[in-house]
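Letters A, B, C, D and E mark the chains in the order given here, with residues in each chain numbered from 1 onward.
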Amino acid sequence: MTPLPALTSVGTDTERRTILDLATLLPFVVNVIVGGLVLGFVYAIIALGYTMVYGVLQLINFAHSEVFVTGAVVGFEVFRVLAPNPINGYLKLLIALVAAMIVSGLLNVLIERLAYRPLRNAPKLVPLITAIGVSLILQDVLRIIEGFQGRFDLTYTLPQGFSGRFCAAQSSCAGLGNALRTIGIDLQLKDVILIAVSLLSLAVLNYLVNRTRLGKAIRAVAQDRVTAGLMGIDANRMISATFLIGGALGGISGVLFGMKFGTVNAYSGFDPGIIAFTAAVLGGIGSIPGAVLGGLVLGVIQNLIGVTNVFGGLLGVANLESIDASYQRIGAFIVLVLILIFKPTGLLGKSNVEKV
Amino acid sequence: QTTIKLATLSPLSGGQSDLGTQIRNGAQLAVNEYKPQFQRLGLNLQLAPYDDQADPATGTAQARKIASDRSILAVVGTLNSGVAIPSSAALAPSRVALVSPANTANQVTDRGLSNMNRIVARDDAQGPAGANFITGTLKANKVYILNDKTAYGEGLAREVEKALKAKNVQVVANEGTEEKSDFSSIVAKIRLQRPDAIYFGGIYNQVGVFIKQLREAGITTPVVGGDGLDSAELVTIAGPQGANNIYFTTVAAPIDALPAAKTFAANFQKTFNDAAQGFGAFGYDAAKVALQGILNAAKANGNKAPTRAQVEAAIRKGNFTGLLSGNVSFNSVGDRKAATLYVMNVQDGKTKLAASVPVRPAKQ
Amino acid sequence: MTAVNPGAPRRAQSAPDRTFLLVLIFLVTSALLLVSHNGDLLENLGGLGAVLRNPIVEAVIVSLFLANVLFAYLWRAAAWAKALVGLGSLLLVLPWAGQEDTSLLDLSIQIMIFAALALGLNIVVGLAGLLDLGYVAFFAVGAYTWGIFASPRFAEILRYYGENPGGTNALTLALGLFLTAITAASMIYIRRLQRSARPTRASSWSFGLASFGLVAGLLLTGRALLVLNASRAAGLGAGIDPSFFWLFLALSVLSAAVVGVLIGLPVLRLKGDYLAIITLGLGEVIRVLANNLDLYSAGSQGITPIGSASVPWFDRLAGTLGFQPDQYYLLFLYVLVLVLVAVILLVNVRLDRSRIGRAWIAIRDDEVAAQAMGVPLVQTKLIAFATGASFAGAMGMIFAAKQTFVSPESFNIFQSIGVLSMVILGGMGSFPGVILGAAVVTLLNLRILPGLGEATANLGIPQQVNPGQLQRLIFGVILVTMMLLRPEGLLPNKRRALELHHDDNQEDDSAQGTGPALTAGGGDVFSPGYATEQEDEHAGTTGRGTP
Amino acid sequence: MPETQMLNERTRAAGMTLLELQGVHTYYGHIHALKGLTMTVGEGEIVALIGGNGAGKTTTLRTVSGMMKPRVGQVVYQGQNVGGLPPHTIMGRGMSHVPEGRRIFPQLTVRENLEVGAYTITDRKLIEERVQEGFALFPRLKERENQLGGTMSGGEQQMLAIARALMVNPKLLLLDEPSMGLSPLFVEAIFDIVERLNRERGTTILLVEQNASMALGVAHRAYVLQTGEIRLSGSAAEIARDESVRKAYLGDE
Amino acid sequence: MNILEVQGVTKTFGGLTAVNDVTLEVPREAIVSIIGPNGAGKTTFFNLVTGIYSPDRGTIRLDRRELIGLRPDQVVSAGIARTFQNIRLFSTMTAEENIMVGRHTRLRAGYLDAVLRTRRFHSSEEEAREVARVMLDFVGLGRWRRELATNLPYGDQRKLEIARALATTPKLVLLDEPAAGMNPRETEDLKALIRRIRDELGVTVVLIEHDMRLVMTLSEHITVLDYGTKISEGLPHQVRNDPRVMEAYLGRGAAAGEYGKEARPHA
């Protein structure tokens, strides 16, 4: 068949040889993978918001992407307002995170009350449509709110040093930084913060869902609302609690997203939302560790697909050379298909225990 | 008294509505300005704004609506080449002339429609201009090209690639990406391949984010782009660290460099409580071209409301003056005969004129 | 304690006969439509003309006019009146108004395209219970199938192969054909064997191998044909002869169905929302491929101009009826799409009331039980998928012909979501419902919402809150309120509505969230049934009998 | 029909009524399932509810526990009308319901199912105690402590459902066909348990059973339900002797 | 001659052997039962025969034809139908439609027939409706024909499942606890129904039941499973008096031999 037109070329043979040199290539690959992991953590936290809500209502909460953008907007405003303030950067971050968690969490609860709860007994796809409706509404509401201040694309002003290198040469942990950099891991401080915050939220969430009475009740409601009622569990309250937790996670992920990528606008939620939901599915929807694993896998795969053309160029494989960043997204989907064919319930999804 | 209308067709809702609204508002100013002149001919001039949502199908539907309103004699639009192509085709049978303030893709006029005109340069002029700048001023030998995978961005990038290759410059990649936030793999590749310059055929809101991440990764390589970068927002998005070493070609001179533009900008601010940007000025110019065309046609028609066909011909043939971007006349397919491309430079968050390049379409 | 008789059945009184009202409304709205779209007339009407020309007024008039058809379907009225209003509206008044205002034709075609898409998706989602979020992919397949061949693209492709024959010659063609034939034959043979004896690992493997061979054979054949015909590129400047239109209509149906099967095969084993996200992904895959395979699809630049059918006698007819030559093809597409929608509706109704329709609903209700009753899961789902896809394929082709331009942008996932919302808004499982849903959403998006913006453009409303800029918000509000007020949809499937309204005094008994969203619990909408002797298959147009 | 007021001695000893249904009408959409049901359950009683298929036994229990709202009539529990309250509020007041069809949480393990059954209890020690009690009643559950509820066999699920309902040590236990799907050995065990609960803990039990003879064997009083109405009521022994009952529900030829 | 021959099938779930090396032969037109304590593996055995699970080991033959590897729907075509322990009806369909689905494999009208409304379509639709009518009457649910399946009382749902299974025209029907949820009177009717299935329709019946009165009076052969293993088999009276069965399954009441009336007068 016709080769796809090759767009990439790695230049002269000498250049190719230098790049092929392990000392150049290894840090590159490591860096791409680590970058993918960082990205993956962002997806993972967003994915958790989807998975929580999906878990209880079997609803793809399309509005989650806007809940998370709301968190990002709150974060933006906090950083903006506090920018002239000389307080510690980490404190600012904490304020931003907490504010975003509260706003997004309450927003999510409100959405559930207004748009999903009245439809509890309707066919499953009806709330899906209201979710889409809410998502559209929120997009414009966010745009209006920010628009009145003459803003559309919101660019984060991060505290001093957050965008700088992690353990830069002049800092006290320069040794660690240098060591990491020799093997190719070149992180910004905000990446490290992002990973730390993600891991912490994960740990808390995991405890909440698996170890507490609340968590068990939520899971019972997820499986059989009516019978849960017979156990004395108020299903509506548990669902609200789930939306609160999911929304708070959305808030966190919004701030992390804004920090990592620097810019958000009212419409920014859709793409990462879709990928995050894909991650949730990949990991096994409804499963918390699954969502995380899925996010990380997708992050890494996206980044690796993004650099396939370089390897294609190096190896002289023309067909690989045309696999460039424009294939990132669908590469992730194709991987998803392949994985699901072999593992139909996702990486960590429990195999369907339907017994007949 | 007969009512005649000038329509605008641009995205008034959705992600690109800011630019689309600029065009509408620019055209509104022109209409306000010309109202008295038409009044004298006994014609009541109005603006009829249409929203294409930056979507080809919606644009076509709107174009057909425009076609059905006989009082509309010409259209200013569109913003996106991808919309202009089908919309102009839908308007062609009705002989409704379009004057585009933004569409640069070659295909827009290459189809030879009698109703499609543009006052901006073509991508096959803009591309080589960018390429020339890369080789001439930046002296780059190795260039990394990116595009946004839209009709506009990819078309432009392809022109740049062609021009660079013709100059024997090494083009490391011409890579498309629809990604809006995460550019980490691309940044990693750029770091690996160390180009002397990066060209990005795309629009400011995407390119700005890319630049920000590029600079944060410590890469200071110059980034070059096209008219898609011509927005005040670029600097904000790229951030203080990022807004350096950026160059872009555009068709409008910086507003503060033109005395006429000053009043325009003030007017714009007063009327819409919003700062005028490049596309506001383009919209204004395009509307002026259309209105002058209608006036000419009316005069030729004995000071009566002209037919659409007459307007179409008048626009294609006319010479239009008093515009912000200089005089306009069109060649046989509707390209502006002599356009000027300006190369702008962003340094420390300030946008300055770096060079100006006269360009002409291949056909005259 | 109250003494009301709780058992009083809430029975609707039989509706009054509204023949007169129906005809009256038809006449009034038709007159309004015709007047408001006649530019010359409006000129002479002065103030009234201005009012009628107001975009919102205009949008309302169009909507009211289209509502005629709905009334004709819904109301109890004499059969002649229903026929008159239904046929009269669609075949007489609308084209007549379209003569003055081509945009009406464009709008109607677009509505019907979406109606057909919604009908197709309704099979997949509403009947078989498979949530497909990538439905637009099949639409794209249809659009490109025609777009590539009926445009200069085809010549470009031929030219490319002419310049890069790469060792292809007549022998390749023979080889390709041979390979195709032999692998196809062996696949059929293996299938036969498997039917009588139990499939072994070897037989499955050889089947897989043969299918690869088949693909290779087809590719070789295709390539050889392209290369061997490369010399004709010059003569094909504007694409192939328009008389191939009918062949391609069949081809686009077929190719969309084939793509449906290809996409369906690996993923239809998955359940519920796993399927949703995968279909969403595969929809994106098709779009991105269209965006990247520049040679075939012209990538992001899009393909243009795309031709339409040329039917001389139809053009002559249109000419004598007073249409302008540039309207011929739209009028033609209008009539064609009208016929196609009718056919699709018929196919839908008939499939629904058949063995296959029952199997779909059975699968939706309980996969395990369905399979244990002899319903082959994958095959039945594939049929649903392919049927839905084929409708989309046909519509894609019409879309390409109408637009004369296709680019990947038109096939993003918002389109899929849009079609899904039409289905659910209208009433999942209900054929008149999804058609109405398509009409409502399309009218909203193409007329009413933009009309709002246009009408208020010069009122000095601050930009941020100008209705023209708030289309998403308004649309979202409409979606949410409609769903809250009528969760069963605008024109619900009869029994579904019954079920929903039971719930007033009953705790939810439906949510046993064990399985995938779509199959577990309450079940969605359905319209099973059996072929009754007198079915109202023409419900959408001239339907008789009130529901 | 005349309301039979004959109670056997043990019931009288128990004294006050715990549950009373007064003219309850319950609907499934247009299906009128309970047609003015009136019945009482005294504190400390075992009351059996028997009747044919579709008589409305399950619906009665559902109405009591709040899964269904009565359209007309009152459900008085502990002196309060609970008709129309949501199940979780009613269940919070010392009631347990073993529903028809078991309704085990399929994705929770056996142990988690039990723990969720004790949702209204916050004392962790007490919960653990009760779990152990459940295991003692049904050793199979202990063997399968970590198996997912959904993969248990039908009978195992039935055991789990009963054990789950006992977690809160209810005042009133609603049992909907507890013996369904259990092996003969376990059927006996279940009835033993019912008796013991009543005797040792004073649990009041409203028992729906198809196995009417066994049900009447353990119950003090019984109601016979037919198409949503009470056909007969009286002491269990009386009912068991009734000719029509023997014919219709006990399978006597 | 045996219609069903199962040789040494084994199925494990993780560490748990649910069915262990079970061999079973079912003579044509017989009524045989499988009994055993809860969790003995009876339902799992049915799942193996109907293709819902595939066995780790062993062979399953219906009329000499190997069934292992067939999908459940193919097993239905081959001639085995079943009911479920937990009722699984199509809840949004009427009783009649439920049965018509059961007819799926036996109808010849395909896609094109349906679209074109061919004569074949009409005749097969006619056939399906006729079968539904006959089957509803056969199990005595005629009056529920147009009612949604979920609205039927529990016991009638069980019968509807049986009717649906019979609509597939099986050679062999597997009933999983058909009497659960029925009172003794209804169980008597069911007994008659099962006899008629065999006598009038000529269908072989294998049933799982815990109702000993039904099992002992109806079965011609009984197999007893415990912990997945066959611990006894034979004629009803043989099995009933097998001490292993008594210990594992029947319990004290067994000796009395009065399985329907375990009621003991309370003290």
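By definition in this document, a contact is a pair of C-beta atoms (placed from the backbone, for glycine too) under 8 Å apart; a residue touches a chain by one contact, two chains touch by 3 or more.
In UniProt terms the chains read A, C = Branched-chain amino acid ABC transporter permease; D, E = ABC transporter ATP-binding protein.
Bear in mind the structure is a predicted one, so any value in this text is a computation, not a measurement.
What is the shortest path, in steps, from chain B to chain E when you may only step between chains that touch?
The fewest steps needed to get from chain B to chain E is 2.
Identify the chain pair joined by the greatest number of C-beta pairs in contact.
Counting C-beta pairs in contact per chain pair, the top pair is A-C.
Can you identify the chain nearest the overall CA centroid, using each chain's own CA centroid?
Of all chains shown, the one whose C-alpha centre lies nearest the global C-alpha mean is C.
Suppose chain centres are the mean of their C-alpha atoms. Which chain sits farthest from chain D?
B
How many angstrom lie between the CA centroids of chain C and chain D, rounded to a whole number?
About 52 Å, centre to centre.
Could you tell me the distance, in whole angstrom, between the mean C-alpha positions of chain A and chain E?
Here chain A and chain E have centroids separated by 49 Å.
Measure off the straight-line distance from the CA centroid of chain A to the CA centroid of chain B, and report it in whole Å.
Centre separation, chain A to chain B: 35 Å.
What whole-Å value do you get for the distance between chain B and chain D if each is reduced to the mean of its CA atoms?
Distance between chain centres, rounded to whole Å: 76 Å.
For chain E, give me the residues that contact two or more of the other chains.
43, 52, 84-86, 88, in rising order.
Hunt down the residues of chain A that sit against at least two other chains at once, touch-wise.
222-224, 226, 229, 326, 329, 354-356, in rising order.
Mind pulling the chain C residues that touch 2 or more other chains?
291-292, 368, 372, 463, 469-470, 472, 496, 499, 507, 509, 512, 514, 523
Could you please specify the touching residues of chain B with respect to chain A in the complex?
Touching chain A: residues 14-15, 18, 142, 149, 170-182, 184-186, 188-189, 191-193, 205, 208-209, 212-213, 216-218, 233, 236-237, 239, 241, 274 of chain B.
Which residues, counting only chain A, touch chain C once they are in their complex?
1-2, 4-5, 54, 56-60, 114-115, 118-130, 132-141, 143-144, 147-148, 222-226, 229, 274, 277-278, 281, 285, 322, 326-327, 329-330, 332-334, 336-337, 340-341, 344-346, 352, 354, 356
Taking the touch rule as given, give the residues of chain A at its contact with chain B in the complex, in rising order.
Per the stated touch rule, the residues are 7-11, 19, 24, 28, 31-32, 35-36, 38-39, 150, 152-153, 155, 163, 165, 186, 188, 257, 261-263, 265, 267-268, 271-272, 302-307, 309-310, 324-326, 328-329.
Could you list, by residue number, the parts of chain C that touch chain B in their complex?
37, 39-40, 43, 53, 100-107, 110, 291-292, 299-302, 304-305, 324, 326-327, 399, 402-405, 407, 409-410, 445-446, 450, 453-454, 457-458, 462-463, 468-472
Across the complex, what residues on chain E touch chain C?
50, 52, 66, 68-74, 76-77, 81-82, 84, 88-94, 96-97, 100-107, 109, 111, 113-115, 117, 121-122, 124-125, 128-129, 148, 164-165, 168
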